[in-house]
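For reference, the structure is listed below as structure tokens.
As written, the chain order gives the labels A, B, C and D, with residue 1 at the start of each chain.
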Amino acid sequence: MRLKPPIIILNFKTHKESTGQQAERLAMIAEDVSKDTGVTVAIAAQPTDIFRLSNKVKIPILAQHVDAEEPGNHTGHITVHAIKEAGGVGTLLNHSEKKLLLNDISKIISMLKAEGMLSVLCTDTPSTSISGAIFKPDFLAVEAPELIGTGISVSKAKPEIITKTIELIRKLSVNVPVLCGAGITDETDVSKAIKLGVDGVLLTTAFVKANDPYNVLLSMCHAALEHYKK
Amino acid sequence: MRLKPPIIILNFKTHKESTGQQAERLAMIAEDVSKDTGVTVAIAAQPTDIFRLSNKVKIPILAQHVDAEEPGNHTGHITVHAIKEAGGVGTLLNHSEKKLLLNDISKIISMLKAEGMLSVLCTDTPSTSISGAIFKPDFLAVEAPELIGTGISVSKAKPEIITKTIELIRKLSVNVPVLCGAGITDETDVSKAIKLGVDGVLLTTAFVKANDPYNVLLSMCHAALEHYKK
Amino acid sequence: MRLKPPIIILNFKTHKESTGQQAERLAMIAEDVSKDTGVTVAIAAQPTDIFRLSNKVKIPILAQHVDAEEPGNHTGHITVHAIKEAGGVGTLLNHSEKKLLLNDISKIISMLKAEGMLSVLCTDTPSTSISGAIFKPDFLAVEAPELIGTGISVSKAKPEIITKTIELIRKLSVNVPVLCGAGITDETDVSKAIKLGVDGVLLTTAFVKANDPYNVLLSMCHAALEHYKK
Amino acid sequence: MRLKPPIIILNFKTHKESTGQQAERLAMIAEDVSKDTGVTVAIAAQPTDIFRLSNKVKIPILAQHVDAEEPGNHTGHITVHAIKEAGGVGTLLNHSEKKLLLNDISKIISMLKAEGMLSVLCTDTPSTSISGAIFKPDFLAVEAPELIGTGISVSKAKPEIITKTIELIRKLSVNVPVLCGAGITDETDVSKAIKLGVDGVLLTTAFVKANDPYNVLLSMCHAALEHYKK
């Protein structure tokens, strides 16, 4: 599985507005925008919604987290295998709201690769980004945790986190595309982020709590397309 | 929601044999046995399978674990709300493979009650059982962790854990029905457990990895019915 | 080991003002006040300071936390045995800044009893208090986490947490003395708390960051003595 | 602070034989061997023993673990500041018995550097080693967790973990010296390890539980000196 950039990942988190029936509604809107613009829109869904959404829409459904355990006697864990069986094509991992041990990040990325599934490794600084890039995830998603949920975008408030990360990754000569998140509110934030060199963005509130999620996402997709250069 | 005893909870854990499509197959068998015997059979499913199973069968689907977080900015967490939206009627909590903080057990049981959902609190000794009983979960599920997955049942190897727990709960005058698990392999184990005074059992391997899961469960249900006295 | 009420536990947390050499200075002041008033003053010290303080002063030194592991291959853990060897006479456990699993609380209190050491179990609500009382710790220390560090005392803002806890413990007929903490700032807070029926208080900032810690603690001890009734 | 290779780190873990008074005895033996051979011998001590040992012996005392918290309201945590005040010169971190989050590893190494203290980052595979090397700890300590405590040394059973790690680190052009651990039992294991290119070893049982710890360590130091090339 590969995702064509530019990419917008909608992290549904655990908001009521993006759970169950409501998640279905939002997923269908996301799918419409993706069809109408050609931009890759993926959803990071709660584990309870992966099956439901992947049977409802054709856009890629990711998990928000996975545990490092193999199938077996692990009550209450989320396995790579279970996500795949539910129709998920990959997962976020190490999100700042669900951090992981270094050793488990390594294990999980290997397990995902073995299953042909996508890994979107979340990191918070240039140095954790480079450290994580060593494991060659499919994407790095850099988010400044202090900006998450603030409506102040990383591309405006801390652009140097993104540019520094991209620069260090190039030096390292590992080829891991970078996404960015935290505080992405509108198409201006998306434009700024894309111009800084990222392959896409992650966002939650601006879409999930929008009065008109279709048009919010549509503007963002247009902005992404306009500024993205292969 | 109430479950009529005797009760058999099939904890699907994260075995490949009880994930996704395979989980559906096993759930349908469990439903058949429940219909054919009148015994309450519930499934504790992986979060990725709750929606799938609750749309396939009419027997109660529980989660295996839930987090203490309310809906909101909690990427990668499992909320009571999400389980309910997926069709789950309750959850195991504090399983020895996914232990919880004392404070979170208290919070989660309150949250489940507020949603009219079932709480099956797993404990490992008479004293943690009594401590947990204070929160008035719907069920206590006592499992000796050292016997889980051994095929040596707690009702044979450590019956005093169960009898002591039941005795202490009576003294406390809280009315919490007790289930037991760990090493339940066949109908003899079920009979023994029921005779010790429990309202039901939890099991995994004996059903999930059975060549003939229908007949394994059928014998257990018959044993439960025969010895259960209200 | 037994502590005669009324008791004031100074939780040194990890403030710079109460670490190392500075912790020694504060411990000597605490000892002076204890001698001058006859009130039991104990210190909950960082693990790195237990040996140092217990060799410097004669008042009881507790740890702030202990792990549930027995001595062995457990790099980086804190054992009951190590605390004892360092001169500690017991420990706080399950502080809201270092919460514990239900099962570990049970194990740790047993391990402390087996070594003749004191257990001060921190809890946050009447129901977690009663649940914890089942394990018969030497003390319950009830703290409303939302008040910790605010300077608004639980005895003023949420007295019902304390009175309800004491009432429920009496009903349960387990005889566990109750301490309270969170926001204890001056002698008025101590008076109020003691009048609510507690055997003592826990505090940090008011002493650790005081300009004149001797006199702050002295007033508190006088207030405790004046209102405490055996 | 710098440590001159070859280096032997004695991880005291939480064994009774290496706690408190017994830890002092072993530390004095370690100091004697270090003096008698000129080999750098450091001790990774329990937090409760750092002050005690650093006041008894002149060889470097490390902690076994540190938390990522700054001084403040963090009951039960271990801070870099507290370790320094107790006389510790650095710490192991991310030991397989006390693993850390990726983000915390990054934070902790920065905090240690800011205080001029040593960081010995434990890792378990070549890829986690390289990932960790990005943070430029003072040392990487590679241990195959499955060999810890077995008496089967990594230098014999899995030499490729070490050689691969050293090779990848060179490629990365970060200059982080590598130590290795797990199953180091005698001078032969030390020789093998040093010949594979490491700057030193970590061990526990072979020294801590030895009948004659002086001579065990003496042979190891001789072996290290003989094969080490700057």
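Methods note: a residue touches a chain if its C-beta (ideal position, glycine included) is under 8 Å from a C-beta of that chain, and two chains touch if they have at least 3 such contacts.
Predicted model, so just to flag it, every value in this text is computed and none were measured.
Between chain A and chain C, the least number of touch steps comes to 2.
One inter-chain figure worth recording: chain B and chain D are separated by 44 Å, centre to centre, where each centre is the mean of the chain's CA atoms. Computed centre separation for the pair chain C/chain D is 34 angstrom, with centres defined by C-alpha atoms. In chain D, 96 are the positions where the chain touches two or more neighbouring chains simultaneously.
Looking at which chains touch one another, you get A-B, A-D, B-C, C-D.
Listed in rising order, the residues of chain B touching chain C in the complex are 94, 96, 99-106, 123-125, 127-128, 130-132, 134-135, 172.
Touching chain B in their complex are the following residues of chain A: 11, 13-16, 19-21, 44, 46-52, 64-65, 69, 71-79, 81-83, 85-86, 88, 92, 95-98, 148-149, 204.
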